[in-house]
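Below are the structure tokens for one structure; questions will follow.
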Amino acid sequence: MIPISWYLILAAALFSIGLFGVLARKNAVAILLGVELMLNAVNINLVTFWRYNAPETVTGQVFAIIVFAVAAAEVAVGLALIISIYRNRNTIVADDLDLMKW
Amino acid sequence: MEFWKDPINTIFASLLKSFTSGGMSEILATILIWLIGILLFVTFAMVLDIFLVWIERKVVARFQDRLGPNRIGPFGIFQPFADIVKLLIKEDITPVGADVIMFNLAPIFSMMSVLLLWAIMPFAPLMVGVDLNVGMLYLVAAGSIGTLSVIMAGWASNNKYATMGAFRTVAQMISYEIPMVAAILVITVLAGSMGAVGIVEAQEIPFIFYAPLTFIIFLISAIAELGRSPFDLNEAESEIVAGFHTEYTGMKFGLFYAGELLHSFTFGGFIALLFFGGHRFFGLEELGPIVGALIFIGKALFFYWVIMWVKYTVPRIRIDHMLAFNWKFLTPLAFILLMVTALVGRLFLESNWLVPALFLSNILIAWLTVEYLKSHARKEREKEEALKPSTQMTQH
Amino acid sequence: METTNLIWLLPLPPLLAFFIIVLFTNKSNKLSHIIGVSAAALSWAGAMYVFYQAVVDDHFVAFTDTIDWLPLGDGYLEIGVRIDPLSAAVLFFVGITIFMIFLYSVGYHNFGQPKGDHDKQGLPPHGATVEDEHGHKHTVPSVEPMYARFFAFIGLFAAGMYTLVISDNLLTLFVGWEIMGLCSYLLIGFWFAKKSARNAGIKAFMTTRIGDVFMLLGLAFLYTATGSLSYEVIFSEATLHALASAPAFWGLSAAGTIGLLLFIGAVGKSAQWPLHVWLPDAMEGPTPVSAMIHAATMVSAGVYMTIRIFPLFSAGWDHHTLTPAMSIIAFIGAFTALFAATIAIAQNDVKGVLAYSTISQLGFMMAAIGIGAYVAAAFHLVTHAFFKALLFLGSGSVIHGMEHGVLHTGDHSVDPQDMRNMGGLAKKMPITFWTFLIGGFALSGFPIVTAGFWSKDEIFADAFAHGHTAVFVTLALAAFLTAFYTMRQITMTFLGEARTPEAEHAHETPWTMTTPLVILSIFAVGFGWVGIPEDFMNLSLPTNWFHSFVGHTLPHPMAAPVFSWIPLGTSLVVALGGLGIGYLTYRNFKSADAVDPMRKLLSPVYHFIENKYYFDEAYDYLFVKPATWISEVFTNKMDQGVIDWILHSFGTASFAIGSTIRNQFDTPVINRFFGDGSAEVVQIFGRWLRKAQTGRIQQYMLSALGVLFIIFIALYYLVLA
Amino acid sequence: MQITQILFLIFAAIILGSAFKVVTTKKMIHAAFWLIVTLFGVAALYAMLNAGFMAMVQIVVYVGAIAILFIFAIMLTRKELLDSAAPLNKNWGVAALFGLLSFGGLYTLLRNWEGFSNKASALSTDVDMITELGTALVTPNAYLLPFEVASVLLLAALIGAVYVANEAKSD
């Protein structure tokens, strides 16, 4: 049997990779991709904790489903914003979008 | 007659015995037999596919008042083999600037999305690949792999028409997935299960009598998912050459083509499963799983024929009409049906009046819909007539 | 399915119809009325099923079901449904009348007729000109311009009424109550472009609001005293005993006070004196509305509620001496019954008579509850709902017929609602006449056959048997007047010869209007037979079904009064006498501008009665004018003169102080030193710091994360390790 | 080594490898496809955790909708795909450090948790998890309110996305 630690370490690694993507990618869409990786890592944790610690309840799965809904909403709005920015500024490089500076 | 009662498990047991007697470990033997089973199953599907090509060509010929293939073999039945040979010896072109890996993966994914569906097809009791308790969700999930293959093909071809075709297909498939899921949910509500076997078991009376309108919605959205006429905008040859598979030649094209035909047949099977009791046929299925499987395949062929019938009689519709039809009509109707079915099903729970009540509510909704459409059409007509310049004014 | 589940669903179809019509189908008259009428039919069918289930059960107590609704601090506020015998009986007539009235409205609002020539939203339809195949122009009735809206409103109303009837607690009852109040306002002012309709709507709303405020006070008192509003809790023996023994003030117990406060709500809703003034004005609305809201259902809600809370105000009653609260209710009921009946005899508007008649009949019921005749009140409530709805719909049919005549002659100065302009309509509108006659006789209590006779007789018997002579005499007088004005109305409207050309061209109304009349008239006659006392005329008849059914709503059902010839005789005399005298007085009323025979008879008093005892004017002088005057005085004198002056002087003073401080302290010290100085410091600092603001989101994230990590590591090593 | 453990390691390798490709690959469209591979891997993990429903929802929602949406967005913004330019910004070193830091921090925290090497208890087979889940989502005392709020959120996101991305007709 697989101990819970394997899943947790995998999730932590996936989360860190996603974090790196968010921090380091130039393209705004790629940043969102990183966010998706992080959300997936969270979901792995939720489902794992459900399976290992409280399999008789459904709490973990419900949490994960809510995360799905939030992720879908986040992607829809995020991508709409990116497309809107692309139309107006003709770029989606995060570093070029620096109107809000001194 | 063990074999007659439960063919799959009998074969499995005897094979396992002969393998393990040769000194093989049990797990390894099981996995090996499974792989052989899958291989046989897929081969069956592919052979069936070859005949589907022949049937398709024959039927379309009849619809168009032609004879169809009639040279090779009796009734031209070996025509598909000739086709295969032709496809195999064609030059295999990969366009310049194409994304090679994705370009080659796309046809495989396309075929895979169809074959995945066969895993949950309940041909008969005890003759089902795997009885997933989330079977209907699996159907939708496999559909999204199909979407993926289309977008891969369209993107990787490095061709404007291919990309455009892929865009169209994806827009269509994602849109029509919604009424299809709603229709499946209606069935789930009625059957109280998402598993294919559970749905068949719940159909003492076929679900077509519970939900005739849902059947129509499912049929329409299934045809749209398949991308067959009248929803074949993805390969509208007068507009975008051949859509996402413009750049494919030879057997890669063949895979797309065969995938589409097998997909249609599979959806025929799912229609039979969801609405017409699967392998049930007036108690005939009691004779044994093999008879049940034959009944199931017969029903699937019938609905495959219905899909062909639609394809060769209805002309292609415009893209904005296609989207408007889905979002403004099919989706709301599907959700209304879902709500009404849930409500009526709850009201007449475990009552003898359930079927008549559901049937009547469906009829009522259909009637109201038609009335609404009529009034809407009248209003649109009036609006258009008001826009026309009045000819009487100029005469005075 | 479970009956309780069905009960939950009863208000749903009309409510859905309301939303569907308002949101989607308001452009289509046909769809709207199909949805509206079928919703009413669905609810009706459900109500009948529930009623049937209640009736066939020999040991029927109640269908109840509760769910948790609003989470409160320490538990849930529960709502639920409860159908006991009383609400089953109410549900029965509510279902039928609402369905009938929906159906009737289709014809009343001229469905299927062409659009009017000059019809505008907010005005009654004026008729349309059509050309037939020969090129002749006809004026025909035109369809109501706000047809769909009407069905939406009455749908919402029906939902409110069903909610009220099925609820098992006073809170949801109050919710339904207020929904109906709103709908009543909307529907009275349905033709909002008419000033009179607008004012009538406001008047109805404001008047009932007075009652509702008191009712809310009563609910609040009740909730504080018992911690619940559910019938089961508040009508339990223990609670009632506790409430009855807790003194409130003026010699009333807490139970009596709560009962009276709630009763004031019912006074407003059921238009009892002194809050009766809104109901006659409410006749400005379309007739189906008058029938539904102001005769059959909404005003009945007040009586229903009063019957419902009977255990409250009768707590501590020993079946001999009435409790103070009961006496007050009996007094108001009896007084209203007589008082409204006198007004009704001088009304010329066909609906006006019925409006006052309604007030009077509701007074009968209130008086009956007041003297403890629980079942009699409920019985009269049901029978009255049937025959009053019938009468109102009949009068609507008459008006509709007369409007047809008006359109035909084209003389719009003739009021189609004035009874003096009618006469001889019996021949023109036979179905309307016969059904109206049945309704009128039921209202007057025509012996043996009609429902009104049995219910009124039971009230008389109760009043007499328990020795409430004053109430008995008052009600008998009122019943006499009732028979008199009913016969006056029938004679003036239907009998004799047509007094105007319009009446000659009146026309029978379409089937959607006459069918409800016929159906309701069956109930107006037949429903009385379920409540025939078993010892009537000392015969031994079958058991009084209604009494034993509804009586079991109370934990200790009261015995029916023993038969006595005196109330029966009184009842016969007043009914037949009133009808006879009415016919004799008015059969010679020949011309539209003839003087009313009663005017000669009672010359000074008549004027008084004709003007409804000047109640409207009195309220105008007592409340409306003073309120206006006080507000004017306050704006002109107090507000502008005194208060503004004080404010202005404050202003001047503070201005003086302020300018001193500003010049001496603020400008030199604060501005120059602290203000500018600090700004400069901030500017220098900011110039240095702004380099950090790169506008690059990822760099911000990096720095945020960096700080997070530092804090986290610090915490980890300081706290955890 | 048991078969399940081998399977887990294979899937973990797929997930982490493809995730790494997602954040480093130059071509955006490839990044999106690598994301799909990751998502499939995560779905497989769900299946291994006896959460078949979650696995299917993962594929339907993430692969069928979210990933396709990403591909659409990438194609719509392809004018400057930066396929040739460096995919990472100049802070990537710090970012990598932070990524490692977060992994290290999480690992440290987890290692000190006493339940770190828990084994899964057997799942009772007589309970239908999907039915339980569905009931829980519509039971007022369970998760009805979060469910409703999530649906409102989705509706708001739908309207917002349409509004934001809709090109204003300038006429």
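Going by the order they are written in, the chains are A, B, C and D; count residues from 1 in each one.
Assume a contact is a pair of C-beta atoms (placed from the backbone, for glycine too) under 8 Å apart; a residue touches a chain by one contact, two chains touch by 3 or more.
This one's a predicted model, so the numbers in the text were calculated from it and none came from an experiment.
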Chain pair with the higher count of C-beta pairs in contact (B-D, A-C): B-D
Chain occupying the most central position, where position means C-alpha average: C
Distance from chain D to chain C - Cα centre to Cα centre, in angstrom: 58
Centre-to-centre distance between chain D and chain B (centres being mean Cα positions), rounded to whole Å: 28
For chain B, residues that touch 2 or more chains besides their own: none
Where chain D touches two or more other chains, by residue: 53, 57, 65, 72, 89, 91, 94-95, 98, 102
Junction residues of chain C, two or more chains touched: 698, 702, 705
Chain C to chain A touching residues, read off their complex: 690-691, 693-698, 701-702, 705
Chain B - residues contacting chain D, complex: 27, 99, 102, 132-134, 137-138, 140-141, 143-145, 147-148, 151-152, 155, 163, 167, 170, 174, 177, 194
Parts of chain D lying in touch with chain C, wherever the complex brings them together: 89, 91, 94-95, 98, 101-102, 105, 108, 140
Residue ranges of chain A in contact with chain D within the complex: 1-10, 12-21, 23-27, 29-30, 32-34, 36-37, 40, 43-44, 47-48, 50-53, 55-56, 58, 61-62, 64-66, 68-77, 79-84, 86-87, 90-95
Residues of chain D touching chain A in the complex: 2, 4-5, 8, 12, 15-16, 19-20, 22-23, 28, 31-32, 35, 38-39, 42, 45-46, 48-51, 53-54, 57-58, 61-62, 65-66, 69-70, 72-74, 76-77, 79-80, 82, 85-89, 91-92, 94-96, 98-100, 102-103, 106-107, 110, 115-121, 123-124, 127, 129, 132-133, 136-137, 142-143, 146-147, 150-151, 153-154, 156-158, 160-162, 164-165, 167
